[in-house]
Amino acid sequence: MSPTPFLVLSALLFSIGAIGVLVRRNAIVVFMCIELMLNAGNLAFVSFARQVGNLDGQVAAFFVMVVAAAEVVVGLAIIVTIYRTRRSASVDDASLLKY
Amino acid sequence: MTLLAAPAFQAPNLAYGRLSPLLIIFGVALVGVVVEAFAPRELRYQIQSLLALAGLVVAFISDVLVASSSPFSSSAGTGAFGGIEAQGAIAVDGPAMFVWGILLVMTLVSVLLVAERRLEGGLTAFAGQASALPGTEAEREASARGIEHTEVFPLVMFAVGGMMLFASANDFLTMFVGLEVFSLPLYLLCGLARRRRLISQEAAMKYFLLGAFSSAIFVYGIAMVYGFAGSFTFADVDNAISSRVGADGLLLLGMGLMGVGLLFKVSAAPFHSWTPDVYQGAPTAITAFMSACTKLAAFAALLRVFYVALGGARWDWQPVVWIVAIITMAVGSVIAITQTDIKRLLAYSTIAHTGFLLTAFAGAYQGTIVLTNQVSSLQAVLFYLVAYGFSSIGAFAVVTMVRDSSGEATHLSRWAGLGKESPVVAGAMALFLLSFAGIPLTSGFTSKWAVFTAAWEGGAWPLVIVAVVMSLVAAFFYIRIIVLMFFSDPVGEGPTVVLPSMLTSAVVTVGAAVTILLGVVPQPVLELARHAGEFVR
Amino acid sequence: MSHLLYLIILIPAASSAVLFVGGRLTDSWGHLMGAAAPLVSFVLGLIAFFQLRGGSAPSLHQHLWTWIGVNSFQVNFDLLFDPLSALFVLLITGVGGIIHVYSVGYMEHDERRRRFFAQLNLFVAAMLTLVMTSNYLAVFLGWEGVGLASYLLIGFWQQRDSAAVAAKKAFIVNRVGDMGMALAIMLMFHAFGTMSFAGVSRGMPHASGATATALGLLLLLGACGKSAQVPLQSWLLDAMEGPTPVSALIHAATMVTAGVYLVVRSHFIYAQSGAAQTAVIVVGVVTLLWGAIIGCAKDDIKKALAGSTMSQIGYMMLAAGIGPAGYAFAIFHLLTHGFFKANMFLGAGSVMHGMNDDVNMRRYGGLARIMPVTFVTFACGYLAIIGFPGFAGFWSKDRIIEAAFTSSVVAGAGAMIGAAITAFYMTRLMIMTFTSDRRWAQGVHPHESKPVMTIPLIVLAICSVFGGFLTLNGWIVNWLTPVVGPQGHHEAPLASWLITVLVLVMLAIGIGLAYLFFGRRRIPEEQPQRVSPVTRAARADLYGDAFNEAVLMRPGQYLTRALVFIDLRRIDGIVNGLAALVGGTSGRVRRWQTGFVRTYALSMLGGSALIVLALLAVRLG
Amino acid sequence: MNLYLPIVFLGILAAAFAVFSVVASSMLGPRRYNRAKLDSYECGIQPTPQPVGGGRFPVKYYITAMMFIVFDIEIIFLYPWAVYFDSMKTFGLIEMVLFIATVFVAYAYVWRRGGLEWE
């Protein structure tokens, strides 16, 4: 079967994630949107693996997942810290650095 | 599922010797984590710093050994030597080993900055306890008990390891892993400043969110290219392009998105916006480390991807890179003029330098067309990054020494009359600024010269003209700071230059020495860069 | 000696470094060392000079080190001491040294005198590098150094706002010139793969005409910047904000002569491109008239002299543009000009010293009796510059005018008229300052300056009297032949004696008119307002800045105003116009850095979309 | 040109859908705000009350979550390894031991630093 539908889906997921990054204020949610984009990548990987017929794509999906997990850890740590100092996880509140 | 039935397994043969520099660094980093876990608190600082320095030195030695023992590979084209290791995952070739060596040295220098303790009165410049809230009892207690985050050292080691992997990766997957391995520690390090916790944490968050965003885009680009070529290895992608198989659209899409991921790391406009904020917010030692090492690693990777894997599609990406280069130079040089914070100003200057480097990259003067008596784009870029890296580390080292009651005095107005306060420090800073401005007899001039000639020979002479104009604009604000330091009277009680320990002094000395040496006798390093040759395909 | 050439540069450089780093420690003796350094270099220069004269070798070389060297491509940092360099070295160190000595007295009461000397030494060192190296890249090094040092020196009294502005103006205008220079070097490397004088001159004959013209024009642009030639002349008058010794140094010995040096040094390039040569001649003629006219209307003694410098350099450029027939005379006039201009600037400084630093000539008058030494020496300079028979200027300027006629009658006529105007405004200056009745402000008690200042004046005066003898039986021409090639014989449309007579007539006319206007009547203390349009134009620097304003700054201003809502009334002239344009743009653009992560993300996403689309466009287009 | 139409079309489609979904949800979706929703962490639970003057902040949940993710993800690599174990012989064993050891280093750090204590 053709991978095209999966690719379309992954493109949709990617765009939703990207738009989400732009429109959401809560750091956690922004971060979730980024994870969504990564998973869109994963979907593309596996569907292409299916298409070209080798395992590389699936392995790549594994790696991306692991990296995403590591990113979650670091990200949560940073966001929690900044939440505790500022009492807010809104990315718009953190704008001391500008111009 | 027969389609996906994998071939029979044969154990890969890993040339551990060739990969030793990488393995040593990662090993040391892991040991550092173990030390954190088991060593008593009061010993950690000494153990960690010595461990890190020792690891870097050993890794550097092994890198030199590997380089000196590498045969010229038959497969490669012009003067390339070394080979592909680890089942085609890592290219241990001339440029890679050159970048490794430079990365290790520059990290060594940065680690000296990180380990500086006298400026903060016996403690490092990093938060005693990142989890304690700023200005609370917990924090005061932490700093009173002399608690320090010695995790900083393992984090730096992981970062440099990731950079080495990133710069030598020979397939996209390895490259992505390397990217993350050096990014994640940096995100954390940015948030660990002891003073000005709020902006430090803000910088960490911005860097993290934007970095993650860019790497997501990067991953999607990889997926597209994989869909186009059916493989992650650069060589295969190159073949796919030259043999014109596969859907071209996927290639263009992937090329674009991957380019974004890489251009973000080298902070090229319009993907530069994180740079000023992060450079200003991060602990200055880390800023120095990033400005020198991240740039080097990222540029090495950028050139490798676009010259080796996507070289066949050069006619597609070259014009785009031209545009990006022009925008980057303009943004960096112009915005820097109205900056009032020294760290921020240096951040914009680093953006401008990225633009100058991109001119050589866009020239793509490489391979067989290089005349025997000239440097190729790759070699010019490497040389430039060596020169820039040391000047930049030195400049930030000076920034750590100019302080007032609230820590580093980074506002430019506090720098007025620094020349009277301490001629030597101000003189060193002036030297670095002149080098950034590309005044002759400093490394900045020779490196700019190398880059511009490479670009010109590559046919990008309009870019060179723009670059020359832009460097005039840039020169103006560098000179402005020099005048500010030497020829205007201090406001208020004026800045104070805190006497640092041996470590920071050593860093400034090294920076100044390299800046002058590469300006006066650049030949040895140029020769080294030339000897590094081209990428192995 | 040839292995000691580097000392000539090293000594001033080292002294400057010591003074900069040494700080207050050197306050007590710093100025003495600073003044001694160029004199030592001068002695060394003399030794080298006589060795060059005695020896059979056409030039002395010293290979210091290989600056940039990859395989066969080399940029050596070599010193070259050939007849041309020799003359410059002697001029720079000699006149420069005298100016240093003079400064010891002039800057006596300035608490930052040590730093002043550090910068003077740096200036001299940079200029020496410029004239003593053997390839363009190294020349560029000195070029930049001179620009930097002049920037620091002009802005030396930075507490004055005007000084800071003037320094900025000088710096930026010079950077425009430097850009031309830098591009020329790039082009050279691209065309010949080398940047040494020898290599380029070898390659030149095979280069295409376009390349030659481009090189010539780019170098001319650089020369215009440093030598304050039209259209890059605007910084010179403002540069008077610096201390008077600096003006003397810039105008007589160093900075402005660099452009002429560059053109003469690059004779092999101009030999290949008639267009470039013509451009040089045009620039020269325009500038020599331009500067002379400005000089007529200035009441500020220094500005009047500045105008004269501009016009004298114009003469040199003209001569250099003529080609082999003129090179020697260009250098010859450069030398004599170095003498008498330094002489007059230092004289002006001495006058200002006596008049409480008042520069307005309308409040001078009758100083001849009070300052005899200054007056006599200044008079020598005056006679020299107007080209009074027997004095230095007479020989050099006369030759140039003669040569100009051989190339084109227009150029010759222009040069001749310039001579008349020169005579006019210099006479005016003399009358207003020394002879006419006293118009001093209250509480001003003029007095002769101290020996440390008058002795340099005397020395320079002697030079400006006898400097002309360099040309006896064509010594200077023969001396320079190995560098710029034989002069060849050119038939002038007029007999040379006739030209000389004509020049003298012009001279008489100029002096006579000046006497009529200023010698006979009483000179008003205030600038008369009901004056001819010409005068008014000249007072406004021939609307040079106004022109810049109309053509370059106004649009810049509007653009800026469109970009930033800041008040731009302070802005005057192209430089600040452009600066404000850039600054304004910057001030506007930096607002894009809003500090909001989501904005950054948006720019990234937009950027990536654009990149992908651009890739598609490239592929399709 | 038509070769690239799909790409362009795909991009347009994706973007359109994303914008549409966001807009639609904002327009159609009912707005019933309650404290929990407006509160910072949008995961439903009440944030743990802050001690005044900001002392220690119980981040237990998040720490535990992080631990879980990390160690859970490592398992991913055990699956393909297990499938192939027979054919990989000792090489596979060594590699996996190295891998586990590396993970264990992190584990040791967490453990020593008290990441595993609930109170």
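Letters are used for the chains, namely A, B, C and D, taken in the order the chains are written, and counting of residues starts over at 1 for each.
Note that in this section a contact is a pair of C-beta atoms (placed from the backbone, for glycine too) under 8 Å apart; a residue touches a chain by one contact, two chains touch by 3 or more.
Since we're looking at a predicted model, the values are computed, not measured.
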Of A-C and B-C, the pair with more C-beta contacts is B-C
Whole-angstrom distance, CA centroid of chain A to CA centroid of chain C, is 62
Dist(centroid_CA(chain B), centroid_CA(chain C)) in Å evaluates to 43
Rounded to the nearest Å, the gap separating the Cα centres of chain C and chain D is 69
Whole-angstrom distance, CA centroid of chain B to CA centroid of chain D, is 28
For chain B, residue numbers touching 2 or more other chains are 131, 133, 205-206, 209, 213, 217, 248, 252-253, 276-277
Check: chain C positions touching at least 2 other chains come out as 590, 593, 595, 597, 601, 612, 616, 619
Touching at least 2 other chains, the residues of chain A are 7, 14, 18, 21, 23, 30, 59, 70, 77, 84, 91, 94-98
Among line, ring, star, complete and other, the chain touch graph is complete
Given the complex, residues on chain D that touch chain A span 10-11, 13-15, 17-19, 21-22, 40-42, 50, 54, 57, 59, 62, 65-66, 69-70, 72-74, 76-77, 80
Touching chain C in the complex, chain D uses residues 1, 4, 7-8, 11
Touching chain D in the complex, chain B uses residues 8-9, 11, 30, 33-34, 36-38, 131, 133, 136-138, 248-250, 252-253
Contacts from chain B onto chain A in the complex sit at residues 3-4, 6, 130-131, 133-134, 173, 176-177, 180, 184, 187-188, 191, 197-199, 201-206, 208-209, 212-213, 216-217, 219-220, 222-224, 226-227, 230-232, 276-277, 280-281
Per the touch rule above, chain C residues touching chain B in the complex are 20-21, 23, 65-73, 137-138, 140-141, 144-145, 148, 151-152, 155, 158, 171-172, 175-176, 178-179, 182-183, 186, 189-190, 193, 579, 582-583, 585-587, 589-590, 592-593, 595, 597, 599-601, 603-604, 606-608, 610-612, 614-616, 618-619
